[in-house]
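Next up: some structures, all given as structure tokens.
Look at the two complexes coming up: chain A is in both, with chain B in one and chain C in the other.
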Partner chain A sequence: MTTVSQTLANLVHQRTGTRPLDCYQCGRCAAGCPQNVPGEMDISPTRIMRLLQGETAFPEKAVEYARQALTAETPWLCAGCQACTTRCPQGVDIAGAMDVLRQEGLKRRMTATTKRVRDIQALHRTFLNSALRHGRIHELFLVIGYKLRTGHLFQDAALGPAMMAKGKLHLLPGKSADTSRVKTAVERLKTP
Partner chain B sequence: MSGLGYYPGCSLSGSASEYDRSLRAVAGQLGVELREIPEWVCCGATSAHAIDHNAALCLAADTLAKARRAGLTEVLAPCAMCYQRLAVVAHELKQNPGIATALDEAPGLENIKPLSVLAWLNNGVSDALQAKVTRSLTGLKVACYYGCLLVRPPKITGIQQVEAPRQMEQLVTLLGGQPVRWSMATECCGASFALSQKSTVLRQGRQIYDAARKVGADVFCLACPMCHANLDMRQGEMGIPAEAQLPVIYLTQLIGWAMGLDATTLGLDKHFVPTAGAFAKEKS
Partner chain C sequence: MSRIGVFICHCGENIGKTVDCPRVAESARKLPGVVYAVDYRYTCSEPGQAQIRDAIKEHKLTGVVVGACSPRMHEKTFRKTCAAAGLNPYLCEIANLREQCSWVHTDREQATRKAIDIVRSIVARVQRNTPLAPIRVPLTRRALVIGGGIAGIQAALDIADGGTEVILVERTPSLGGHMAQLSETFPTLDCSQCILTPRMVEAASHPNIRLETYSEVEKLGGYVGNFEVTIRRKARSIDPKKCTGCGTCWQKCPVKKLPSEFDEGLGLRAAIGIPFPQAVPNKPVIDRANCIKFKNGKCGACQKLCQTGAVDFTQEDEIITEKVGAIVVATGFQVLPKDQLPAYADGDHPDVLTGLQFERLASASGPTGGEIRRPSDGKEPQTVVFVQCAGSRDREKGRAYCSKICCMYTAKHAMLYRHKVHGGRAIVLCMDVRTPGKGYDEFYRRAIEQDGVIYLRSRAARIYRDNGQLVVQAADTLNGGERLDIKADLVVLGSAAIPQPDVRTLAQKLGVGYDADGWLSEAHPKLRPVETNTAGIFLAGACQGPKDIPDTVAQASAAAAKTLALFAAKELQRDPIIARVNRCAPPVFSTCIGCFTCAAACPYKAIEREEIRDRKGGLIKVVARVNESLCQGCGTCVSLCRSKSMDLDGFTEEEVFAALEALVE
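So, the complex of A and B:
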């Protein structure tokens, strides 16, 4: 097993230049979050910040607080709309912290495992693989790839033909673009 | 510098082709030469930054590098998502020179400036635009819908009144249209979940529709292909009967129409919610 040397709060600081510890729990991020509604996020963005503070403040319980933040559905149900980051009176980049939680969760194999979270992860993987492989996204292939990964074969089945009739979905891929430099650079950045 | 760098991105090359067509037509009218970045790559959209920090950085940085190689200093990215990703990475390149190094690029990539469609139209060409208006949109009540990424976060976009921006309203007014005051102009439509979490897009879309309807809007005007797909394709699923649905029109289509361009050139026939009715009103 990999040892976890970095706290999540430190990673957030490194990536975003802002600190979860600066949060004073005013709740504004939660109040304006479109996904912090019944049936969507399981814990609020404000609570996520509290967990990251606990991780720093209570070393003996750090692992447990980190686990709670990583295994919440919340990071995966975050729409990335940036409302929280824009509005936080303390300048905390909450949306940036959500990115860190998703990425670290995958790295540590510690994320929520509900069906919808797995669907969302499948979509991101399908999309990113396709972007890195072909350089551009062909929408029909993206949809097919996602459906094959998740088994949602009939969801929105009527929309496809309707889009095709409007000339909005093309059967054949358009141009692709060379991504060899991008792939090399990603590898290089991985191993500093 | 001759010509403006152009980054259509994947959506405008696919399902949002009418945004591409109408934008090119409007640029033509304004005498702006668009130079598509050779070999541009996908910006990574929501997915890259959600799961892979480095991939998100390198994808967008590579496109900026290709723009620089083509001798371009500004890149117009009409898709709100692409614009935001390019702008985030341009900002990141300032703090982290390692990204350019990993791509074997000389420093200075951060000086390539991504432009949103609003920045382009408001700052660069609005006088030329006004001179070209031949068909006023008089009486058309327009709900200007920004969504998230055209304006947020302000540290990246440089937008001043981030909760109540006016750039799109100014353009609509210049065309003779009547922007409505409404509450959902910068709310998220949930587009990143269009495929994976439909409850979100239907709920958000419905709230956005209701707010526009309540203040008597005739049409939505927007500049994001993801917002467009949600609002244009899913009003039926949101439970809105056909006769009450609101047309969803790209800003460049609205401008093109006011310039006298025809509906087919602008791709106004490609929408799910028919657009003809909205423009019929303004003729009478």
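So, the complex of A and C:
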């Protein structure tokens, strides 16, 4: 029964300690989610939970339900604000489940492919690259990396001089005090 | 000259919204005989009643008219108020401004004019009312309980424990009812029989309870405190005094393949026997329709083998009559037969079970000893689909009401199945899940969270056969709603609870009401939930509406309390609304000519013959006389009397015509 141990629902259980099975579809997460508004999430967080339940309940449809959950824009539009997790009457870590879906989506190369999801993924990548390389974020590299990855060259460009004047953008990256310790931590993160 | 007080109630907004109450009071003030009129927001409240009491004293009122709701609702209340202030209660009348005016009209002006007319009419009537005194009637302190299920058993035990004699009538051969058939009970999963059978034995051995099993109520006469009930003891073909319940007869009976009613057709029984091993009383009954002896006179094996000579083929039905003071109706319910659900596998597939059939399948005392094996081939089902709302909440093809118990028993069924078949899949199809009750929602969530029962939010559209495979058409509407055709090895219906098919006949015999679905009607849905509109007849359990065991037991105890409260009185008082034959001065004595048309028409047999004699004992004439304790005040005799010698106290012709004339003015 190898397929069962790899269900998304099981992964959520392993990594968050809470079960999508416990969700009783009350809709409170959807009702309070700042991103579950017209024009944002394509399916509600409640529906994501139901897909994970369906994945367990119907082995014959598990692959399809998992695909629907992974390829939704919802996990990527989740801002991680934790309102859903905080409010869930059944104690399900919905925001945590979104993390699992993002990780698994990238790992399985099965995510939404809309422009805005690709932009979001680009931001994540640039951010992590910078953090992993320097141990901290260098704003200018972050901006440049993001713009090169997405092609949004002039987006928010007018804000640059003002930020520079206020000392929010530095030309050269700073380094954290002990990069070797950062490197060790990063290596440890990479090996599960 | 009469001094009438008029009190117009707004009933919050119920009357006040449609009727201009101050105007009605004002116009009443101008009526002849009225000395006081006032309107108030809630006349039935304590300040409202105080208003009436104060006015009676202050204005020396000789009559009171309350313009309010139906007299059915508060006539008693206001008459008591008047009595408290020293006014004869029968000098108080209700003008119905709610049910017969504000609730049925929308035009404020017209409704107000109608209210004024109604009040004028009742004022005219009250001026002619005469003081009456309640009639005292004796009381038989003995109760009848109809139905030997958990409701009847509980009611009988509580009444008997209160020191009152009880006759417990059950139409099947044993006590127990549906509860005896159940496997385990939600939400604690304790075994149904384990908690019920001790109560059955207790009822049978209680010194104050007389069991009449295999008996039915034939007829009911009399009235509260003084009912006379006719009971048919059906012929058991067994002498219960001789029978020891040894079981030889049903073991030796050659007719063994009859479908067992107790096992809902899933098991077999003989033509003689007890319905289940724990039956109370433990005395068999011969099923005459299927017994060879009764069919063609042969066999008689049971009689030959019975060591005590208890078998008696010549026994006949026995009719007995008993006097009782109060009646508890606890006749229970039935489960919707599956043949009424043609969309579900044509309603006749052996592997589509009613909820009650699954109870027998899961019961340790059932035909499979509690193993879940499907009826068609005895295999253990790997996928079981539970279909909720099978017949309930279906206004078009079934019943509009919610059967209340199915959500919980389905959760229990699915749970029991998962306990017994570990690898099995239990899928429940539901519109929603209704679990109000202590520990109920927790129980249902346990089915999902701990026992892995799968709930899908949709009604089953259809159940069909595909090459012998049962397929349930469903959808998961919470997941996009695309169709799921689920292959099922066994389907269990959350079958609707329905009234006993013959309950209307019984209700008519007893004179109690029932609703369009056939559930017996309580006197008030909130405030008088165990009383019927017939005094002295109470309701317990599912005959009044679908109910689970805790609610049934609670209602049965409530009915017992009502019975004991009734019996606590020394004697009963009843409204003196009875017919009366007039008497006048000699030599006429009465205008009654003694034709006795009234006696023939009286539904209550309340008309007697009275001989009027002179001082020497010589017969002058024979006239009719009304028996005060039998008369129900229906007025049939009054309308039929050719010599106009009858009148009805409280509704005299003078009073009624005065009310009518005032309307015509």
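Observations, loosely collected:
We adopt the following convention: the second predicted complex is superposed on the first by the 170 of 192 C-alpha atoms of A that agree within 3 Å, B and C clash if a C-alpha of one lies under 4 Å from a C-alpha of the other, contacts with A are read in each partner's own complex, and residues count from 1 in each chain.
Simple rule for what comes next: contacts are C-beta pairs under 8 Å (C-beta built on N, C-alpha and C of every residue); 3 or more make two chains touch, one makes a residue touch a chain.
Owing to the predicted nature of the structure, the values given are computational and were not obtained by experimental measurement.
Of the two partner chains, neither chain B nor chain C is touched by A:Leu148. Put chain B and chain C next to each other and count what each touches on chain A; the higher total goes to B. Within the superposed three-chain model, A:Leu77 lies in touch with chain B and out of touch with chain C [touch as defined at top]. When the shared chain is aligned, chain B comes close enough to touch A:His124, but chain C does not. In the superposition on chain A, A:Cys26 contacts neither chain B nor chain C.
Of the two partner chains placed by the overlay, only chain B lies in contact with A:Lys166; chain C stays clear of it. Shared contact residues of chain A, touching chain B in one structure and chain C in the other, are absent.
Every residue of chain C that touches chain A in the complex is listed here, in rising order: 427, 445, 448-449, 454, 457, 476, 478-479, 484.
Put simply, chain B touches chain A in their complex at residues 10-11, 13-17, 39-42, 44-55, 57-59, 61-62, 95, 98-99, 102-104, 148-149, 152-154, 162, 187-188, 190-193, 195-200, 203-204, 233, 270-272. Chain A contributes residues 19, 21-22, 24-25, 47, 50-51, 53-54, 57-58, 65 to its touches with chain C in the complex.
Listed in rising order, the residues of chain A touching chain B in the complex are 15, 17, 34-35, 37, 39-40, 77, 79-83, 85-86, 93, 95, 99, 102-103, 106, 116, 119-125, 127-128, 131-132, 135-139, 142-143, 146, 155-156, 159, 162-163, 166-170, 174-175, 177-179, 181-182, 184-186, 188-190, 192.
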